[in-house]
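Letters are used for the chains, namely A, B, C, D, E and F, taken in the order the chains are written, and counting of residues starts over at 1 for each.
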Amino acid sequence: MYCKRRVRVLSLVLLAFLIACWGVEGMVLAQQATEAPPAAGGAPPAGSPTTPAAPGAPPAVPAPPLKIDTGDTAWLLTSSALVLAMTAPGLALFYAGMVREKNALGTIMQSFIILCVISVQWVLWGYSLAFGPDKWHLIGSLDWVGLAGVGLEPNADYGATVPHQAFMIFQAMFAVITPALITGAFAERMKFSSFLVFTLLWATFIYDPLAHWVWGVGGWLRNLGALDFAGGTVVHISSGVSALACALVLGRRIGYGKDNMAPHNLPMTVLGASLLWFGWFGFNAGSAVASGALATSAFVVTNTATAAAALTWMVMEWMYRGKPTVLGAASGAIAGLVAITPASGFVGPMSSLIVGAGAGVFCYAAVIVKSKLGYDDSLDAVGVHGIGGTWGALATGLFASKAINAGGADGWFFGNPAQLKIQAIAVGVSWVFAFVGTFIILKLIDLTMGLRVSEEEERTGLDLSQHEERAYGKA
Amino acid sequence: MYCKRRVRVLSLVLLAFLIACWGVEGMVLAQQATEAPPAAGGAPPAGSPTTPAAPGAPPAVPAPPLKIDTGDTAWLLTSSALVLAMTAPGLALFYAGMVREKNALGTIMQSFIILCVISVQWVLWGYSLAFGPDKWHLIGSLDWVGLAGVGLEPNADYGATVPHQAFMIFQAMFAVITPALITGAFAERMKFSSFLVFTLLWATFIYDPLAHWVWGVGGWLRNLGALDFAGGTVVHISSGVSALACALVLGRRIGYGKDNMAPHNLPMTVLGASLLWFGWFGFNAGSAVASGALATSAFVVTNTATAAAALTWMVMEWMYRGKPTVLGAASGAIAGLVAITPASGFVGPMSSLIVGAGAGVFCYAAVIVKSKLGYDDSLDAVGVHGIGGTWGALATGLFASKAINAGGADGWFFGNPAQLKIQAIAVGVSWVFAFVGTFIILKLIDLTMGLRVSEEEERTGLDLSQHEERAYGKA
Amino acid sequence: MYCKRRVRVLSLVLLAFLIACWGVEGMVLAQQATEAPPAAGGAPPAGSPTTPAAPGAPPAVPAPPLKIDTGDTAWLLTSSALVLAMTAPGLALFYAGMVREKNALGTIMQSFIILCVISVQWVLWGYSLAFGPDKWHLIGSLDWVGLAGVGLEPNADYGATVPHQAFMIFQAMFAVITPALITGAFAERMKFSSFLVFTLLWATFIYDPLAHWVWGVGGWLRNLGALDFAGGTVVHISSGVSALACALVLGRRIGYGKDNMAPHNLPMTVLGASLLWFGWFGFNAGSAVASGALATSAFVVTNTATAAAALTWMVMEWMYRGKPTVLGAASGAIAGLVAITPASGFVGPMSSLIVGAGAGVFCYAAVIVKSKLGYDDSLDAVGVHGIGGTWGALATGLFASKAINAGGADGWFFGNPAQLKIQAIAVGVSWVFAFVGTFIILKLIDLTMGLRVSEEEERTGLDLSQHEERAYGKA
Amino acid sequence: MKKIEAIIKPHKLDDVKEALTEAGIVGMTVLEVRGFGRQKGHKEAYRGTEYTIEFVPKIKIDVVVQDGVANDVVNTIIRTAKTGEVGDGKIFITNLENVVRIRTGETGDRAL
Amino acid sequence: MKKIEAIIKPHKLDDVKEALTEAGIVGMTVLEVRGFGRQKGHKEAYRGTEYTIEFVPKIKIDVVVQDGVANDVVNTIIRTAKTGEVGDGKIFITNLENVVRIRTGETGDRAL
Amino acid sequence: MKKIEAIIKPHKLDDVKEALTEAGIVGMTVLEVRGFGRQKGHKEAYRGTEYTIEFVPKIKIDVVVQDGVANDVVNTIIRTAKTGEVGDGKIFITNLENVVRIRTGETGDRAL
């Protein structure tokens, strides 16, 4: 009986697939047609905060057809691969090492499957919502759904020397990692099906609009002049604040504050952290959307801030608790990477030392404070990404300098206090939008399908209860 | 006594090495002489299926000396490094996580040592057999043995803008990973010495000719017009079908179907799968042998198909068995990567969604069917690479479009049903050649040195019996 | 009480940070001012052993402003990221897998925190000491402290087609990995605080001067004509010989030769070794400081020598002990990478086979001999880096060929026996300088703060005694 | 002296340990075991293969006590380890001939 | 009641478990141990260092049964765990004072 | 026959094993356990959270011997496992009803 049902299911799926295969032929044909002609953007290339020209580059001459530069494209593709590696294996292992053994696979799965879900969502509608032709300064239109019109010619707005699809796939990796960061807040207790729905809704209704506001041509925060080189607001504040909403709505894990919830595999966590550091060079230096001076500058400050933050966190801990820890150093590094992200294309190496040190101080303090407040942000997504991202976005308003990036702006310390105010607005808006939006999505899911696994499932662990697998089998 | 023997062995080896060192002086000198002059190919650059010009590029002007492009070279070197990372650590961990603890090292060793063996074989004679000047449309001549004539100038046939050796080393990584894929079929029971011999014979007599047929200038399948962008037939069908021969000839593991053979470390497997995904960008997008529109297109469809396949496999499993598994998602991703490989330079993103979904469906079905048929393809090399590669090669005949790659061809859905037939021929030929060839090699080894470890060694595990090491030592 | 102290510490730190933040404003401003103007080096571009022009490149025309090449920069940034990955996660895991479980985190921490410490040291004063304007052919001046004058324009001496900071950050990764290699010698017994002090002193007083001698414009070994493409003397001999000093001064681990000290996680070690291999392409091929023929050549010989060395070590072991081991193959690969490092930009593929094979023979012999001599170089930093680096530096004097690199020199086998003598001088100088210098630093630390953890701490393991953490927690 | 061996559910270990400590027991030895009994195991699946794992993770606690307090200890364990569901475990009581404290060489009740 | 402790070769666990189940035994507790005896261990080598590992992985099965069936159980184990080679293991039989089922508080034979 | 169960510090295992072998003992079974007693555990900290681990890693050695040599064995263990610091461990001695060698079916003293 049971077996027959299975065979039937299998045959049905096979059949359905074949029909689908045939059916989409038309659609594919249609799409290819739009892919072929150069998607030459009507607007002339404009210096933009996110893709500023390298200092010293000749001023852009309007009109002539855009040419793909092999070096820029090589760097952008490399960067895209690096950012993919941040989510899986990077973040997947970073988080999985910190949970208990019984949740190792469930935690890995969350990052891994987000990579799959958002890769498809982005191609189908996410990119269009975020970067498609502007509507009311709030959202991209649906013109680029299914990548219609997103071809292999450069797009003047988003990278005049690289194929438009290269920019698209680079951004896809950002859209992937952002919801994955949130999973740290609800680790070890969320239902897999609900988690999938949450991810899809959050990406569509929180990430895509926010990305449009800050990075999309016409987006209102971009028009305001907010600086966010590689995602302080869009990626880290949005995920960190949403993580707070998750921790509050889902509540604490069973046994929190009583059971031993020590990380089950810290070498795995350090491996993940190191891969995040490695991949983050693509994240930040790749955000120059070109290979040259600006990418180099972003690369250098990324490394410097990260190192400074790791040392600062370690020293703080040493003074405060008596021992320097490995998890602390790794956490500090991530905090530094987070904080330098929005600033990475606008500040110099000495400034980056301070941005990094600040990340170490503030994020460590946040983590200590959390354990007093009593909400269960299991893997400190709030403390690291929310606080680190906020500090980084504000620090950009302090340390940005046109000497580093002529397409940017000066910060307070370089004579322009107004920039800090703009940054503060962008930070505030992101906080409110992400928190309220996430709260609503979570409540909707809670009322309909429920957010948490049952008590017994939680005790058993996600690996067996959600996936019927164990991380470490014994022969 | 024993000790003395050892010392003598050591001294002898040292002596032998010193003599060898002196002896090769002449050979090295000779080789350097051929290395220095530019190996300018006599033939004018020709658009070829494997290294097609980026769409829109100016038509190649014959005669002028070829110039190395720094961006193209950067991308090709990066890609070569990425493909290396696919074999070790990627595949090594992907496979090792799935075996029992007692075979973890033995399994890792197979991938790792193949990397070493084939790296040397390729430089000595493999590259010459596969890509050297054509003989009878069947094999490369021995003219390029020891890389004689394979210098640092571009070769018009195999990459007009990159050093010839860059193309050579990129292809070396392909030659490395292909036999490594097969090891999944005979995991946990093959004798190490026999395995080494098998690898060397297989590379020389199966891989090198097949690569020549499909990719070598003058190769008969290439002349026929078969499309294989990055190795659907050469890499995946050849390894998957050879895997089938291995599973049949070697027979099942002791205790198969009775003992618990659960994976000993699934986080390791997911780490491996993620690194494979990461490296596969080099595999597919690097196969453009240039940085630009075509590489970008290959990159985008690779990511999209992979994500779609992982989701499809997971959903299939969820419906068929009741739970979505982490191993399933990871396996689906690999299936998607396999399937998009031959198509990656010829299809657009919407087509790639279907190619990926198909991989999820067919490969999952293959894995389920296997467990009914009863042969022991331990880590599903057949189901994933054989079936996935076959689907991908055929799908290329359906979805290929000249709008994506002017140097390619249209598939059935773009008005050219003939292409599917050509693809089917290439698939059929690869199946037969790989199966028969592998079968013969295995039988020869079985008759001479034996293929399997003894029963007691198998029970003890490869780690202790073949290598006298344990994966996880206890203090 | 305790709690209050903590709160006070925290507040103090926060305050101090804010003040610091304000205080550096001036300094940052000052620095930015020097960053902005192009740091056009006064000296005309000169062919130099470390950054030689690609063969066939047009002779450098003096005076015109240097232009950044996007492809070269892409490759250098990619290489920098790759070399970072060598230290963490690469070396961290390679070493950590070989220690006992109780020291896994402590070992990982050493590599990880060196990455942080030296990243900051390098930016603040290390780069200036190593590459800053020459003083007495012995050391760089302090002119470039805090990267003053190290901007985003190319520097003719150190890479005429890439931003100066790109060369700086690439070199930073070299400065990072070198002290990390030494940690293999004192694994499982060094006090964390003393280790930090040692690292800082060693980098400043050993590494920075040595790098200046060999690579800095004006350095006396460079002037002598010593060839060291990517760090045979600077990186491997210096770390390997210092490792010897460490092993001798610190003494053996408790229980050495009696307790079972088997590696606790060999898959982790192979993962680390594979990542080292992967990253080493950046190390060697990146040392061309350009993307093209020379980088390609370095890439090819790196891969070939590594494979040859791994096979040689394995075969040696097979003959000498009876079984080929996985740790042996991985160790051989590292030995090959070490040996080809100084030669990688000067020799051809056939020569590299011999360089690799030699590494396998000599380093394996060194490791066997060590176990008779009785000093405790726990993870064989001496045998692999000291011996491998020495062999590689001498082999460069044998196999170097101007046919490969016109900016280099010919070795003995190519008609220039003098080169071997120069290499021997460089080797000898590095040995003496590194050994004596390290010895003095260690003795100073031993007298003041002590080098080793207490006996009880050593028994407990570094993880708990130094960091109050365990690598693998049990729920 | 009596040796009391209790097989319990893993997540009950902390409760049992605390209760025993409160009851004045100063020493015990704990190990991880796998139990087979009325409590059902679980299913696992890896690609095409399904396994039924019949062994359930359990904790075994060994406590050696003077004869007089054995009953109290047993009752304390029952009270704290009980959930009322199948699989709560068993307690085995054996008679012990002697106990020695290695550090001092003391024997019998004084060694506890 | 008797407590039967059997040290066996790891790959024999499934066979023994099945045979005991067929013989009507409904509960047992299993753990991984390392044995030292006549059976030789193995050699390992890591670079220059060789180790001889004298301990061999074994499985220990604890079964508590009524006095009457103890002999049957011992024979069943002997029959299924035997390979005839050195290292097949040992069976230790102890007298047990009492057994308690935590879930119900039942004691003695009823607790099994 | 007597069953001697010794809980010792892990780094003493090799010494004890060697001393027992010299004393003519040809078999023993060893397992890893966690001990709770007078010896204090350690602290661990992960970011903001601190844990006190009260269990200490110990090794348990089971040796079954003829009645006559039990005392010798106990003394050998005391001698070699003793460091004089808290936490050296305990030795428990039980009477054994019977021993069987699986390979041969021998019982009693001959099975040892």
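Things to note:
Just so we're on the same page, contacts are C-beta pairs under 8 Å (C-beta built on N, C-alpha and C of every residue); 3 or more make two chains touch, one makes a residue touch a chain.
Keep in mind that what you see is a predicted model, and the values were worked out from it rather than measured.
Taken together, chain D and chain E share the touching chains B, F.
Touch-path distance (fewest steps) from chain E to chain F is 1. For the pair chain B and chain E, the distance between mean C-alpha positions equals 47 Å. Work out the mean CA point of chain C and of chain D, and you get 53 Å between them.
In this assembly, the C-alpha centroid of chain A lies 32 Å from the C-alpha centroid of chain C.
Within chain D, residues 31, 44-46, 94-95 each touch two or more of the remaining chains.
In chain B, the positions touching at least two other chains are 69-72, 74-75, 78, 259-263, 265, 291, 321, 323, 325, 327, 368, 468-470, 475.
Touching pairs of chains, sorted by label, consist of A-B, A-C, A-D, A-F, B-C, B-D, B-E, C-E, C-F, D-E, D-F, E-F.
Taken in their complex, chain D has these residues touching chain E: 2, 6-8, 31-38, 54-55, 58, 60, 74, 77-78, 81-95.
Against chain A, the residues of chain C that register as touching in their complex are 6, 9-10, 13-14, 17, 20-21, 24-25, 27-29, 31-33, 35-36, 38, 68-75, 77-78, 80-81, 84-85, 88-89, 92-93, 96, 104-106, 108-109, 112-113, 115-117, 119-120, 123, 146-147, 152-153, 162-163, 165-166, 168-169, 172, 192, 265, 268, 291, 466-475. Here chain D touches chain F in the complex through residues 3, 17, 26-31, 64, 94-103, 105, 111, going by the rule given at the top. Partner chain A is touched in their complex by these residues of chain F: 44-51, 53. In the complex of the two chains, the chain F residues touching chain C come out as 11, 14, 42-46.
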